[in-house]
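Two complexes are shown next, each including chain A; its partner changes from chain B in the first to chain C in the second.
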Partner chain A sequence: MSATPAAAAELFRPALSRRRVAGHIFAGLCLAATLLSVVALATLLADIAAEGLSLVSWRFLTRFPSTLDPLKGGIKSALWGTIWVIGLTILFAVPLGMGAAIYLQEYARAGRIKHWIELNIANLAGVPAIVYGILGLALFVRWMHFDRSVLSAALTMSLLSLPVIIIATQQALAAVPNSVREAAYALGATRWQMVRSHVLPAALPGMMTGIILALSRAIGEAAPLVVLGAQTYIQFTPEGLFDMYTVLPIQVFDWADRPQKEFHQLAAAGIVVLLAVLFVMNSVCVGLRGWQQRKHLG
Partner chain B sequence: MTSGRGYRRFREGGIQLLLMLCASISVLTTLGIVVVLVSESVPFFQHVSPLAFLTGTRWTPLLEPRSFGVLPLVWGTTVVAGGALLIAVPAGLATAIFTSEYAPLWVRQVLKPVLEVLAGIPSVVYGFFALHFITPHLLRPLVPQTEVFNAASAAIVLGIMILPTICSLCDDALRAVPRSLREAAYGMAATRLEVSTRIVLPAALSGVVAAVLLALARAVGETMAVTLAAGHTPKLALNPFTSIETMTAYMVRVCLGDAPAGTVEYQSIFAVALLLFALTFAINWIAQRTMFRFREVYE
Partner chain C sequence: MSVVSTQPQSPGRFVPAPRITPANRTPPPPGAAPVLRTQRLTVAYRHKAAVREVTLDIPPRQVTAIIGPSGCGKSTLLRALNRMNDFIPHVHVDGSVYYRGRDIYAPGSDPVALRRRIGMVFQKPNPFPKSVYRNVAWGARINGYRGNFDELVERALRQAALWDEVKDALHRGALELSGGQQQRLCIARAIALQPEVLLMDEPCSALDPIATARIEDLIDGLKKEFTVVLVTHNMQQAARVSDRTAFLLMGQLIEVDETARIFTNPSDRRTQDYITGRFG
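Showing the complex of A and B:
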């Protein structure tokens, strides 16, 4: 089978210049897409800063919201509500999540049950937040009669953040090398002694990072609490487990949902406070990550 | 050395039991969700037949004559989530191709925190952004008759919200394709465009599809941004510049409206939640299957 040179040239047409042009266009499009996320973030932050930054002050943080003279009001009740709900969530979800992760990583035998529980946790992490609100509404608000209290909110938020906490802490435990465990066993440690004094200290920074990220997601989450019946305009801060409450994202939602311009200014100011809280938490994460890396090098 | 062997064995067993109880909470949560959603929807389905619920095209729970056809809400969710995918899939995939095939390492290192911040911004903030920036400054100049609440602005912010998920999961999938495949293609004089789109992308397809599905599940369940931006007008409209209502936004409306327990509109939120849960569960399940079943394994 011998093709004539003309036919071979017909079969193989490199058309290099055309392909190169197409390549450059494609690269340009990909670069543009990459810039899109940067532009989106910059626009969002600029828009919110331009609208709300001027309103953020000590007075804004320490006053209750006002319907009569909205711009004189503040977010004291929402700020305290968030502190209450997240504080209680830490109390409930962190020990439970760490316990579950330790069980799955250090105790459970590899097998069908462990695989099934892990699959179940991955699925729970994908359940929409508002469905957790429905669960909390039926379980805590109505069946257990905790009503529209801080306690119901914190229990619901705990269930919501548990899967994320478990997955993150389990990853941190898995990153601890097996030689650490074997060293402990070689000294005659029991399983719990091995976990407590060898694995946990090594995994702690990684666990903390995961937990803080999960909590910062919970701080911004409003949907389940709206379902639970969190209030929007509250003139007091919670003082006990069964008090009513509002939180930062719900306060922001309420302001943003009103048509008048001054409320939009308030919403933007509330967002600045909310983002500031999240920024502080994430800085702690970055610090922990750095500390852990230095520790490993040292 | 102070404690005896018996005590130590007792303590070890107790601790193991305690930890096992912690792990069982997750199973109980799943069980709780299913039990609550099903048992609380039963009263609703005694008023409204499941067939009328699933196939009805009118959703007027608060107005006489009442009608509980869920399709307008499902349509609202579809329009918003579909629009979000239309924006986020091309942009996210192109970003992933750029970072894994074209860009030097530092671009990825700069982009990663940007995506993390985008992913960490609360949903309600995106809702405010849609109302306060996207609709008046982006959509109105292009389409003057855009309503204050509209599906398009919700779709755009939702697209931005799921962009980080798609970018990072696609980037992982593309990076998992072995270098030898790329080099073989370059050896055959393929250009970078051809290597990216004809070699790497097909090899990473299962990961890309799973990323899109996971992002879709998130978009379907997203609540606060959509509630703020898309409004509360359940209808089967094709025009994205008018107000619609999603399943999640309907639940928020009923909960904010203080519907007394026991009324049909109150019970309806459990039925809608059951449908939402089933939908997101199915999408997540397919995503996981795709990831495991169709993954190409390379040496």
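Showing the complex of A and C:
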């Protein structure tokens, strides 16, 4: 088996310098890709902040929009509309999505039906938002007579987020090693005890990440809500499930569409508020995740 | 028969076993009824039989080692004894496994209740990503243990020869322990339920020699109270710790006998070839 050192040297051409250069080139390309995205994002943020940040104030958040004196108006109706719609969406979509994912991953038997369902969910995640808007219009607005209400919007947004929540949750569950499940079963646990005590806590961080992604998409969507008949200019906030509403992206879209320069400033300020809401939502999720992890170590 | 936890307990209740005293530590008389018995047990994955018509008795409070080359079906046989193969898709079981005279594969037999009586330690240490204390206490908690949990945890950890190393870190994460400590924690977790049988699936294969020696010492002590079935690919380990050894080859039980006889004077030529290292 073993050759003399000289013969072995004949057999291998290590080309070390070429391999190292190839490695450096690859690392360089990855760095360039990172920088490009960061710079693009930073430019966008800086641009919006420069235009809109000065307008964002407590007054801006607590006043209704005004067409007569735009800069004295605010974003109260859209902010509350978004909180309503996203709040209800979380209420509907998160338990439903998590439940479906837990069933598919931990209970359903592997087989053709399960495969078929998963394939369909994956396809639904790729359906354009506007299609959900049309579905919501037919289903919730017309057929169920929820009309152009917060409820219709939240139900449509729930449908939109469900596939993403299910897929992300399923992946988080699948990432929990089987050895943990076996350990629990070997101690005489039922499936539910195993899932509740070990699989869910271990999968929770991944599930949270998926949920946040889905909700981030929902919070920025304007298209399906336009189809559903969201308002663009209202002077009130929703007080119940069947009230009319507007949301931040629609308000921003409306302002950006107007010719006067003041409205463009308002649009930038609206984007800052939208980003801030997103940031708060993310922070709450990260906080929950940390709290859960600490709790389960104690 | 002694009054240790080998006595059948009513299924729903879970009471601490009486303390072990030297008086009731005597080994069972020869010819005592087996705790587990497989009868023409065949386990197949899809259509490939991994275990073929194995008939094997596991006597109480002894260490029975199952040896054989890789892929001979040792682990599959072991996992058939507490129905852990149930979770693997396309597994088909034929024949019977009797635990205290009852067929655990009979309709109406409850694998969840069974697994509390027949505990298991796996090849790779798999503590829960929780504290040491919770690892040991969890099994008892879900099984409705009514006694004092601190005592239960301490006793299990002492029995697993881990107490002195973790007594000041009971609420630290179990994953901070070394591999050998994690495996002893898994043993403590299993014996905290006071099972009758302890199934060990190559428990030392992921451990270094020193950690292995500690586990082997531990197994020697555990057999005073538990019936141990040990799967190992390490023949020296089987020779060191087991009372009886079963040799498995291509899913078939070639022979089973007292360990000393298997390693000095086996009756089957294939056993002889395997233990002298001619294959495997």
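The criterion applied here is as follows: the second predicted complex is superposed on the first by the 240 of 298 C-alpha atoms of A that agree within 3 Å, B and C clash if a C-alpha of one lies under 4 Å from a C-alpha of the other, contacts with A are read in each partner's own complex, and residues count from 1 in each chain.
Quick note on the criterion: a residue touches a chain if its C-beta (ideal position, glycine included) is under 8 Å from a C-beta of that chain, and two chains touch if they have at least 3 such contacts.
For clarity, every value in this text was computed on a predicted model and none was experimentally measured.
Undergrad: Would you mind checking whether chain B and chain C clash or fit side by side on chain A after the superposition?
TA: Fit: chain B and chain C sit side by side once superposed on chain A.
Undergrad: Check the residue A:T190 against both partner chains and state whether it touches chain B (first), chain C (second), both, or neither.
TA: both
Undergrad: Between chain B and chain C, whom does A:A202 touch in the aligned arrangement: first, second, both, or neither?
TA: In the superposition, A:A202 touches chain C alone.
Undergrad: Using the touch definition from the top, say if A:E239 reaches chain B (first), chain C (second), both or neither.
TA: Once the two structures are laid over each other on A, A:E239 reaches no partner at all.
Undergrad: Between chain B (first) and chain C (second), which, if any, makes contact with A:E262: first, second, both or neither?
TA: neither
Undergrad: After superposing on the shared chain, does chain C or chain B touch more chain A residues?
TA: When the residues of chain A touched by each partner are counted, B comes out ahead.
Undergrad: Could you tell me if A:E182 is touching chain B, chain C, both of them or neither one (first, second, both, neither)?
TA: Touch partner of A:E182: chain C, not chain B.
Undergrad: State whether A:A110 touches chain B only (first), chain C only (second), both chains, or neither.
TA: second
Undergrad: Should A:D47 be classified as contacting the first partner (chain B), the second (chain C), both, or neither?
TA: After superposition on chain A, A:D47 lies in contact with chain B alone.
Undergrad: So if I take every C-alpha atom in chain B and every one in chain C after superposing, what is the smallest distance between them in Å?
TA: 6
Undergrad: List the residues of chain A that touch chain B in one complex and chain C in the other.
TA: 190
Undergrad: Residues of chain A touching chain C in their complex?
TA: Touching chain C from chain A are residues 109-110, 177, 179-190, 193, 197-198, 202, 296-298.
Undergrad: Which of the residues in chain A end up touching chain B in this complex?
TA: 14, 19-20, 22-23, 26-27, 29-34, 36-38, 40-41, 43-44, 47-48, 51, 95-100, 102-104, 107-108, 117, 119-124, 126-135, 138-139, 142, 159, 162-163, 166, 190-192, 213, 216-217, 219-223, 226-227, 229, 249, 252-253, 256-257, 259, 264, 267-268, 271, 274-275, 278, 282
Undergrad: For chain C, which residues count as touching chain A in their complex?
TA: Chain C reaches chain A through residues 82, 84, 87, 89, 112-116, 119-120, 122, 124, 126-131, 138-139, 142-143, 171, 173, 186, 189-190, 193.
Undergrad: Provide the residue numbers of chain B that touch chain A in the complex, in ascending order.
TA: Spelled out, the residues of chain B in touch with chain A are 8, 11-12, 15-16, 18-23, 25-27, 29-30, 32-33, 36-37, 40, 90-92, 94-95, 97-99, 102-103, 107, 111, 114-115, 117-118, 120-129, 131-133, 148, 160, 163-164, 167, 189, 191-194, 196-197, 214, 217-218, 220-224, 227-228, 248, 251-252, 255-256, 261, 269-270, 273, 276-277, 280-281, 284-285, 288.
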